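Two complexes follow with subunit A in common, the first pairing it with subunit B and the second with subunit C.
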Partner chain A sequence: MEPELRDYVGELLDSGTVAGVLALKDELGAVKPYLFTKNNEIGDLVLTSKYPLASVMSMLQKEDPSIKLAIVCRGCDERALIELAKRNQINLDNIVFVGIPCDEEMADKCNCLQPYPKEIVTGEKLSNWVPKNNYEDFKNMSTEEKLIFWKGQLEKCNKCYGCRNACPLCFCSDCELENALWVKHGRLPPEFPIYHVIRAFHLAGKCVGCGECENACPVGIPLMTLNHLLREDIKDLFGYMTGQDIEDENPINTKEEY
Partner chain B sequence: MKYDNILTTCPYCGCGCKYYIQVINGVAKGVMPCKEDPVSEGKLCIKGWNVVDFVYSEGRLTKPLIKENGKFREASWDEAYNLIVSKFKKIKEQHGPQAFGLLSSAKTTNEENYLMQKFARSIIVTNNVDHCARLCHASTVAGLAAAFGSGAMTNSIPEFEDADCFLITGSNTTEQHPLIGSRILRAKERGAKIILVDPRLIQLAKFADIHLRQKPGTDVAWLNGLMYVIIKDGLVDEEFVKNRTENYEKLKKEVMNYPPEKVEEITGVPKEDIISAAHIFGNAKTASIIYSMGITQHTTGVDNVKSCANLAMITGNMGKACTGVNPLRGQNNVQGACDLGALPNVFPGYQAVANGEFREKFEKAWKMDDKIPENVGLTVVEMTNEAHAGNIKCLYIMGENPMVSDPDINHVKESLESLDFLVVQDIFLTETAELADVVLPGTSFLEKDGTFTGTDRRVQRVRKAIEPLGESKPDWLIISELASRMGSSAFEYNSPKEIQDEIASLTPLYGGISYERLDDLGYLQWPCLDKDHKGTVFLHKGKFTRGLGCFFPITYKPPAELPDKEYPFTLTTGRILFHFHTGTMTRCVPKLDKEVPTGYVEIHPVDADRLGIKDGEIIKVSTRRGTINIPAYITRKVPEKIVFIPFHFKECAANILTNPALDPIAKIPELKVCACKVESIGE
Partner chain C sequence: MKVGVYICHCGVNIANMVDIPKVVEAISGQTNVAVCKEYQYMCSDPGQNMIRKDIEDMGLDRVVVAACSPRMHEPTFRATVADAGMNPYCFEMANIREQCSWVHEDKEEATQKAIDLVKSSVARASLLEPLQSTEIPVTHSALVIGGGIAGIQAALDIANSGFKTYLVEKEPSIGGRMAQFDKTFPTLDCAACILTPKMVDVARHPNIDLLTYSEVEHIDGSIGNFHVQIKKKPRYVDPDLCTGCGLCAEACRLKGRISSEFDMGIGKRGAIYVPFPQAVPLLYTIDPENCLLLKHGKCGKSPKCEDICDPGAIRFDQEEEHIDIDVGAIVVATGYNEFSPVVKEEYGYGKFKNVMTGLELERIFSPSGPTGGNPIINGTEPKNIVFISCVGSRDKRIGNPYCSRVCCMYIAKQAHLLKEKIPDANITVMYTDMRAFGKGYEEFYERVQKEGIRYRRGNAAEVYEEDDLLFVRAEDTLLGEPYELPADLVVLGTGLVPSPDADSIGQMLHLSRSADKFFLEAHPKLRPVDTVIDGVFLAGAAQGPKDIPDSVAQASGAASHVVNLLVKEKIHAEPIIAEINEDACVGCKTCIVLCPYEAPLYDDEKKVVTINRAVCKGCGSCAAACPSGSIKMNHFKNEQIVAQILEVI
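So, the complex of A and B:
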């Protein structure tokens, strides 16, 4: 998959279609997000590991709104970019999507709902993919049991805000998690359950299931359980799935008509 | 457009998390966790996430400053260097090299610490070089070196994942070493037992199987108490004691004076809890002792550390994975600063200055005509005292802020003001720098190359991500340029890499460490003796560094100052999650300042009620050293009669109150216990 992809993005650079390709680079025994601008660097482009590239793309566009860039993206990256575009956080016209599918191992690790973008340039989509975990164990808990479970989990919180920082859809410059009206400043753990509930609710209709929040959590709070259940609710209540098509209207987005 | 991620090591605590700095067109934009990093595993604490903000904060020094008529003016590097050189030479001529003191920095790189002590020993020709490890783990270095032969954390951070039992004492791990704290919580979920010994109800208390809330400063007593039960109930690892240790009978004799009833009397911990804790620890397959300032910052700091070593050895929890005595070092490079000889008694790699062979080796390597003194130099607090007495005339301080960090600040201020000449090299105009004659602008970790050594002896690269701000220069370059202007030809380096190569050639512990290997392997844990040595995950396997592990019988001694009628409360101090040390790097970060904008004193509701104190009210806390006004935080986190103050905040500085009484061996001050008075002032 990698050699094919390298040829493809090398061509994008050589032809001048884009000024750079946002992808992952292997360096110093680790993998990092990187903007490839020259064909001779492409040999270090890799597909393993996963980083919130949609956030990086948004940052790069803010730096230079006119720049045209390609992004080597997984399903979740693409969905994140689409949701960001709906909220005017990114300009899709200046992005060339270079889609790649996730393999079974990766899809399993994230318990992904849709481990591929709409179009892929290499590899094969996992057809008929169904995530293994549908959170039945959790759903079967009584309210009392749920309370005990979440209390135990959220008491571990280190208030790093890593869940928010790693989230491609958390772009607000003024974050309600930092508003003393809701969450007392400087307390550890943050007050139960408001801190985590605010974040979960703010992601309703936004979360694309990339799992970066849970990956970033130092104490292993199962944040994707919360997010998954809310995504199910949004689907059941409004028939809405995040990140499918730029034309799908988000039911939670409020718009003022003038 | 250029967008890259530079892999570097965090400059806050000793965990040694590596992460990426996101750089766009030469400007650092933020942090990206590194998922492949073995310490952080792609997770960070709030300080790490926001690290870029302090680098660009408005207060950064970008030009040298010279004080004239009590006011600073900007100066050129030439001018600043010339002034320093002429003053240094004059003071050395008039008062001799022992009138100098140099403070190195646990914040700067290994290479820079190496150069600072090289500057002290070869340019000034004094061993008066020390740094703030004196205030945190000097007792560890002394205590563990005596017991085991090596003064460092015995095991490694990833091993915490698999330990069966933790004894955590004097370490608020989830706040002070968040990425170690998170591993302990994970181990707990897997079924590991946690014994917490701490006067305060810290976050870990919720996860502890048993929490002993001892009176501050009674650690030797409960440690002896645990060993009493372990010996009495047959939980001693006889095999280990017989084959690997010496002096056991003497220990046993002493420990048998500490039955649980007596320990309860001294420590206030119920005797049943002492017995339960001893049984949990003694029965664990692998047990790991984790401690920090709560053990070390006492006049009995070395005694406390030796007692921890005793407990680990009698249960055979040494020299194997997931065990050991694990002091958590509080700063990114406090381990490295010690390793590289920024201490008054040792050269790099703990080679004693008292040893003539070592002195000769370094004199030769450093192309010296002078002889390095064989006498041990002055420690941090002793330098302050000697300055006060008029014997130290000149201090050169790099990246330290004794005006907030040291005990009895009023005394520190008088001492610094009585100097003939004070040079401070820092990235901010700190409270200490304000008192300087010349201030040299160093750079932050983002603007230079080097290495830090994390708490588990993990040497890792610091990589330059951006150019130095303004005219600031990396500290290694400043020291080198200053040394060259002092007439030395032994400080000509093109890059920190060359300094590391020199370190490796003179320091057996670091013998196999090079930038090439660190790039390949990500890290190396010392001892790393040569280029083929893979480094050492845990120490004392099969044999202690000193041969046999040595038990020290320790008698309990009370703290230097106990509550009395006039000062009825016990004051204890420490750090909090959201800030770091003297606050210079965190209080300028909006997201951290928002969480905790100023200091506070934690006081129990019963005490607050009795004194008519309301939550948030400004109250007066006094000790024999001084008085501060500070907001009250009424909480059950502290027991009755004990108050806690974080020491980060200069406007209500805990260290105006603290006691500078020293441990006789390690010279560490008793920052964790003193007597105080708490009063409402009706505000």
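So, the complex of A and C:
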């Protein structure tokens, strides 16, 4: 998969289609996000592991809104870019998508609902993919059991803001999670459950299920359980899936026309 | 911080269910509370004086009145505290009547709740910030949208008060629905005879700029300063040269071949026409949809209208014009359409030619109508006539649960006119309930019954045809028996629906609609001509079904509100609006999507949103949804609301 992709990306650079390609670079065993601008660097381009590249793209575009860049993106990266575009944080016209699918191991790790982007440059997308974990154990709990479960989990929180910092859809410069009116300063763990409820509210109709928050959490709070259920509710209530099409209107943010 | 708290008895309204001395005791001595007093009626002069005196004597900087809903008396008390030199926005009201005494039955619990509500208001009041309103200059002119009787009346009233008034009508002539009527109920005045003089007054009025065959395209701005763009459609006739002689219409190759909208499709006109002889302005108009030259580029050897017009008024090269005007106030008088009975399939409208609507029959009666006023329906004089009331009204099945407010009476009028013209006719009115509520209506209904017109309660189930004869099947709900009547004319008492133009006008002005889709007034009883948009008023059937007297009365009401506004040099803008911290805004446009009034605007340069203070209504949708918390609602800041909530949980 990698050699084919390197050829493809090299062609994008050589032809001048894009000024750079945002992807991952292996530098002496350390994988990090990198903007490839020269063909001779492309040998270091790797596909694993996983990194929230959409946020990096948003930052790059804010530096230079006119520059045209490509991004090697997984399904979740693509969905994040589409959701960012809906919120005026990115201009899709200046982005060339270089789609790659996730293999079964990665898709399982994230329990991903859609482990592939809309168009794939190289590799095979998992056919008939259904995530294995349906959170049935959690759903079967009574309301009291759920409360106990979450109290136990959220008590571990040390308010490192890792979940927010890693989230590709958290783009505000001023964050309500730092507003002392809601989340008291100097208190650990944060008052149950306001910190995580604010995040859940902000992510409804926005979360693309990339799993970065849960990855980032140093104390292992199962944030994807919360996010998965949130995504399921939005789908059941409004028939809405995030990151599918720029034209899809976010049902959480609409008004009824009279 | 010194908060003065005043607990109102509201006579017995509050005092009966809330132990007021107990509330006073509980509130006195609370943080920031400098004084807590009770009084029978806080809104009375002595009540208000008590507050003024305490502000002056004790130097209060916040005042809480615990009484009724702020809807009525918040403005009263704001004025009171302002009189005594306090900022009016440092006043707070606790509602212990509607939200407490009136809805509870246990005095002890109600008292505790009243204490909690007052504490909550004190907590909020302590965090209130003084706000300053800004002054906006007023443009001393008005726009009236719609040239029916309501629009005509409103325009005349405003113009007579000395203000420039633009009256916009989409049809070639003003007059609206009333111009289509023959007689008016219950006085049987000839509609044209009472309407035409008013139409002429409009045309001649020095303060009225009449824009017929024109449509409002765009409106922005706000109270005192609206900017309006109007499209003037081409008539293809020079208004300065046309004398209204009508030779062109006589000469038109399509004369008598096009359905006349004014005659509800029963009469015919040519491609160049005036809708009716008393049209104002009396200018001919070429219908581009049908004119041979405009549609096909060819009309015989040369267009006959052009050949015959001596003054040379025909202008096939006329183009639409766009006119920009500035006005301080707007009256919406877009009127109504007749309900289309096609969806009531059981009555066979559109299928049987002798089933017609009330408005169609109105054109048959009119001396200038397609039959010259003779009661000839499809070539013959009907003898057995059935009227069916409430067609498209009071009908949940088709989604119109409201009463048309006119069909009972226009049926009575039309039955009377038919009986007068055809004395030996058998006329039956099938009615749901008789609603003769206006002045002289009941008397007229009685008169019509005495003329031999049969009223049978219970609506028609079906109209069907057998051997070229129509039959109406119905149930007499008083006798409890079904019956059938033969009919050679069935008249459907069709109801009223909003004009389709209400959609675009409503969107341009951000007006709300009630469940019946008519425009929503600001308050059903106390502000029936205002809308929630300041500077925009309603007149006539645009707000809901109305007869002529009510339309005229409301139009004059709307005009007086317009004049109240236009006489002012400056108005005060409400400071309870949203404010944005541009440094924290990330330009996600969430607020732009949600705002019903187009107050947030995206600044392409700065990549952030700014708020147009003049159009913001302070609804708070943006502030609630802003993900970064960059938008704050003045007077309803998070800190103020949280403090209020924390006191009651």
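Definition applied: the second predicted complex is superposed on the first by the 253 of 258 C-alpha atoms of A that agree within 3 Å, B and C clash if a C-alpha of one lies under 4 Å from a C-alpha of the other, contacts with A are read in each partner's own complex, and residues count from 1 in each chain.
The definition used in the following text is that contacts are C-beta pairs under 8 Å (C-beta built on N, C-alpha and C of every residue); 3 or more make two chains touch, one makes a residue touch a chain.
Just so it is clear, the structure is predicted and the values come from calculations on it, not from any experiment.
A.B. asks: For A:89, decide between first (touching subunit B), second (touching subunit C), both and neither.
C.D. replies: In the superposed model, A:89 contacts subunit C only, not subunit B.
A.B. asks: Contact-wise, after the overlay, does A:174 reach subunit B, subunit C, both or neither (first, second, both, neither)?
C.D. replies: So A:174 only meets subunit C here.
A.B. asks: Which of the two, subunit B or subunit C, is in touch with more residues of subunit A?
C.D. replies: Of subunit B and subunit C, B contacts more residues of subunit A.
A.B. asks: With both complexes overlaid on chain A, does A:132 touch subunit B (first), subunit C (second), both or neither?
C.D. replies: Neither: A:132 stays clear of subunit B and subunit C.
A.B. asks: Examine A:67 and indicate which partner it touches, taking first as subunit B and second as subunit C; both and neither are also allowed.
C.D. replies: After superposition on chain A, A:67 lies in contact with subunit B alone.
A.B. asks: By the touch definition above, which subunit A residues appear in both interfaces, subunit B in one complex and subunit C in the other?
C.D. replies: Overlap of subunit B and subunit C footprints on subunit A: empty.
A.B. asks: Quick check on the complex: what are the subunit C residues that touch subunit A?
C.D. replies: The contact residues of subunit C facing subunit A are 506-507, 512-513, 581, 584, 586-590, 593-594, 596, 602, 621, 625, 627-630, 638-639, 642.
A.B. asks: Note which residues of subunit A are touching subunit C in the complex, please.
C.D. replies: Residue list for subunit A touching subunit C: 87-89, 171-176, 179, 181, 202, 253-255, 257-258.
A.B. asks: In the complex, go through subunit A and note every residue touching subunit B.
C.D. replies: Subunit A reaches subunit B through residues 19-20, 22, 27-35, 37, 49-51, 56, 59-60, 63-64, 67, 155-156, 158-162, 165-166, 178, 185-186, 188-189, 215-220.
A.B. asks: Using the touch definition from the top, list the residues of subunit B that touch subunit A in their complex.
C.D. replies: Against subunit A, the touching part of subunit B is residues 1-5, 7, 20, 22, 24-25, 29-30, 32-37, 42-46, 48-49, 174-175, 178-179, 181-182, 185-186, 189, 203, 206-207, 519-522, 576-578, 591, 594-596.
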